[in-house]
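Both complexes below contain subunit A, partnered by subunit B and then by subunit C.
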Partner chain A sequence: MNLFAIPEILLTLLPGVGTALGLTVAALVLGLPLGLGLAVLARDPSRPLRVTAWCIIEFGRGIPGLVLLYLIYFGLPQVGLYYTAITSAVIGFTYMTAAYTSEIFAGGLNSISGNQKEAVASLGFAPFAAFRLIYLPQLLRVARGPLISWGILLLQATALGYAIAVPEIMSRAYNYAAITFDYSTTFTAAGAIYLAITQAVLLVFRVLLPAREPRRREVRSRHSGPLAAG
Partner chain B sequence: MDVLFHGLLGALANTVGITLGALLVGLVLAVPVTWAARSTSPAVSGAAVAFIQIVRSVPVLVWLFLIYFGLGGGMLPLPPFGAAVAGLGIVSSAYVAEIYRSGLAAIPAGQRDAIHSLALPAGPALRRILLPQLLPIVLPPLSSYTIGLLKDSALASIIGVKDLTAIGYDNAQTNMNGLLTFTIIGLIYIGLSVPVAALSRHVGNKVAARA
Partner chain C sequence: MERDPAATLLRIENVSVVHDGKAVVDRVSLNVQRGQVVAIIGPSGAGKSSLLRTVNFLQQPAGGSIHLAGEEVRPQGRPGSRKYERSLRKHRRRVGVVFQHFNLFPHLTALENVVVAQVHVHGRDTAEAKARALAELERLNLRDCAGKLPGQCSGGQQQRIAIARALALDPEIILFDEPTSAIDPELSAEVLDALKGLAAQGITMLVVTHEMKFAQEVADEVVFMAGGRIVDGGPSAEFFQNPSTERARKFLQAVGRW
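Presenting the complex of A and B:
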């Protein structure tokens, strides 16, 4: 361990933090709606659609992330799709996010009782309004914890970008260590960066954005309202 | 298959070997970690909880590099296979300790008093009372974790173990068919995870039926 090298190592790794966070956010922004879509598709009355959704989900969840990145980076050019390492990584992590979070969303959808569907229909809600105002808030309440866990797992998975030379934290760490031969200090610093980001994200969700209790609009009865006293 | 994939059988053995080896290390190391995390001394339990948090907050690849290049470069030279088993094993111990902890938390505290007041020896108490309750709780998360470990074992290819992923990589470089090669490799991983899930369900049912 060479403590004096730490400032230089941190400066070298810092741009990689931006790449890792950018990959994580991009995969979440693109992957979460796809995950929800897959979860809905997996419950479709049509059997071929259900089976297709199931195959997409199980393949994405069943294969190692590293193999998925190789499949995209080395496989897609064969069908004429040439992507840079970063784009390949975004595609891979988006697919992983969609496949893993579809299971989380499926659990949330299962927790919504079937009676609500009839209530929503009888109240004449438009499908999109019903989804946004009624289903989505309930879904997010159930899925919140697992989705935060997935976000953290995803941030750690971005280290796989090293294997296809995405210039994230681990690629930079390896390149630096290969020149200086100071492997233990460099990788300890890299580990400390991941640790700090993970704990910071957990802190943000626990302290700044704690889980809210379901918000209920107050329904005032005629007798308990402020006028009743007068 | 060896015709299609040069070195497939040896690679399969490496993947399964790393997964089982790391699982074994994790199952054993998790016992003292769990014990420490439940300790009444705040220093001991704090250290165990910090260990679990730190291990889980750092990517597996970082642990592998630290052990293989960091330790391996200096004080403790390890072959890639050994480094992979050690690295994945240490990471597993933190995750498995959490599984043990959740299992133990599900057992009512009054049972400990009951076991004491009946003067049951530790062996039979563990075998006849604790394990039949613990196994059905911990087996499902353990089997999911084992499947996760199988997938994480692919990282061993990065430090030079000739596992399924490495063989896929080598073959894709020569046959120029990455699409098919990595799809087949991916399907082999999925195929390997099916028996784990089935075994866990089978053992879980058996234990639940006997209890």
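Presenting the complex of A and C:
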């Protein structure tokens, strides 16, 4: 360990924090709706849709993230699809997010009781309104914890980006250490950075997704808020 | 007692329900007149709930037909399919249901429970829906509950919220399946009083109940079911005075009402 190298290492690695966080946010923003969609498709009355959803999910969960990134970055060009390292990483992590969180969403959907469905049916709700107003808020309560865990796993999984030269924390650390041979200090610093941003991100999640209902708001106007017209 | 057929709001005709190859409701016919309260009583397993649930097709009848205001309800498509559910939506909007276990939406306040279908199913303006919801909650003595989640209310309050939710949609008939069975006995009186109030206002109700006192005092007609069939019944005063069948007499004796 070379403590005097730490400032220089941090300066080298810190730009990677933005990349890691950016990849995480992009994969969550794109992947969570896809995961929810896959969970819904996986229980569609139509069998072909169900089978398709199942294949997409199992493929995404069955292939290691590293292999997936290689396939996208090195494999797709062979069929004429070229993506930059960053785009490839976004595609790969989005797919992983969709596949893994679809299971979380499916668990949430399963937790909704037959009683709720009977109430929804007897009130005459159309499917989309029922989903948005009744099922989704209940399912998010159940899914909250596992979704946060996935967000943290994903943040750490962005370290895989080093394998396709995405300039995130890990690849910067690798490059720095390869030049200075100071592996122990470099990777200790990298580990500390991940630890710090994991804690920071957890804090953000806890604020954005409070465990208990936020203070009840008034039923708001027809065109905004949870009770707005669909 | 014969009535003007034009006043028949709900006509259940020859309806059967089959579970596991067994007819748990066996070709039952039953009419409910507009403004009338009909109580369905009978032993456990008689098929009361199954029959009630066929009215809005929460239970698909294996045979027979349901007519509301003179028109047969004909669902389209395979039961459970999207087309089937869609074809029933209009009918279901005309029929209120109050469940044994309330089936309130746990993430919405009492007020929102009563507002949500008014706005998102019936297309009412939010302000109008909210005013209507508050009026219904008020009428059921639930002013203090309006801002609470169902989980923060007692069973009796929750069931009255469910009644308010149904009432606010102006249904032509409200179905009740043992509305007090899941409530502490000392709280069921407030729900029965609420039902009594609705009856006095001329709201048409079909009520499965184990509360004989309620059936006797509030219902106009009583239907006694056993083994999937209607075996006795009639105007409630007469029925409780003098049930015409041995089976009904035994049942009333067992529940201490005869």
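We take it that the second predicted complex is superposed on the first by the 203 of 230 C-alpha atoms of A that agree within 3 Å, B and C clash if a C-alpha of one lies under 4 Å from a C-alpha of the other, contacts with A are read in each partner's own complex, and residues count from 1 in each chain.
Definition applied: contacts are C-beta pairs under 8 Å (C-beta built on N, C-alpha and C of every residue); 3 or more make two chains touch, one makes a residue touch a chain.
Quantities reported herein were computed from a predicted structural model and do not represent experimental measurements.
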item	value
Partner chain in contact with A:Gly80 - subunit B first, subunit C second, else both or neither	neither
Partner chain in contact with A:Ala119 - subunit B first, subunit C second, else both or neither	second
Subunit B versus subunit C, judged by how many residues of subunit A each one touches	B
Contacts of A:Pro48 with subunit B and subunit C, given as first, second, both or neither	neither
Touched partner set for A:Pro210, first subunit B, second subunit C, both or neither	neither
Partner chain in contact with A:Ala129 - subunit B first, subunit C second, else both or neither	second
Subunit B versus subunit C as contact partner of A:Pro137, first or second or both or neither	second
Subunit A contact footprint on subunit C (complex, rising order)	56, 58, 80-82, 85, 88-90, 92-93, 95-97, 99, 101, 103-107, 109, 111-112, 115-117, 119-121, 123, 125-126, 130, 147, 149, 165, 169
Contact footprint of subunit B on subunit A as seen in their complex	58-59, 62-68, 70-71, 73-79, 152, 156-157, 159-160, 162-163, 170, 173-174, 177, 181, 183-184, 187-188, 190-191, 194-195, 198-199
Interface residues, subunit A side, partner subunit C - complex	45, 115-116, 118-119, 121-127, 129, 133-134, 137-138, 141, 213, 216, 219-222, 226-227, 229-230
Subunit A contact footprint on subunit B (complex, rising order)	53-54, 57-63, 65-66, 69-71, 73-74, 150-155, 157-158, 165, 168-169, 172, 176-183, 185-187, 189-190, 193
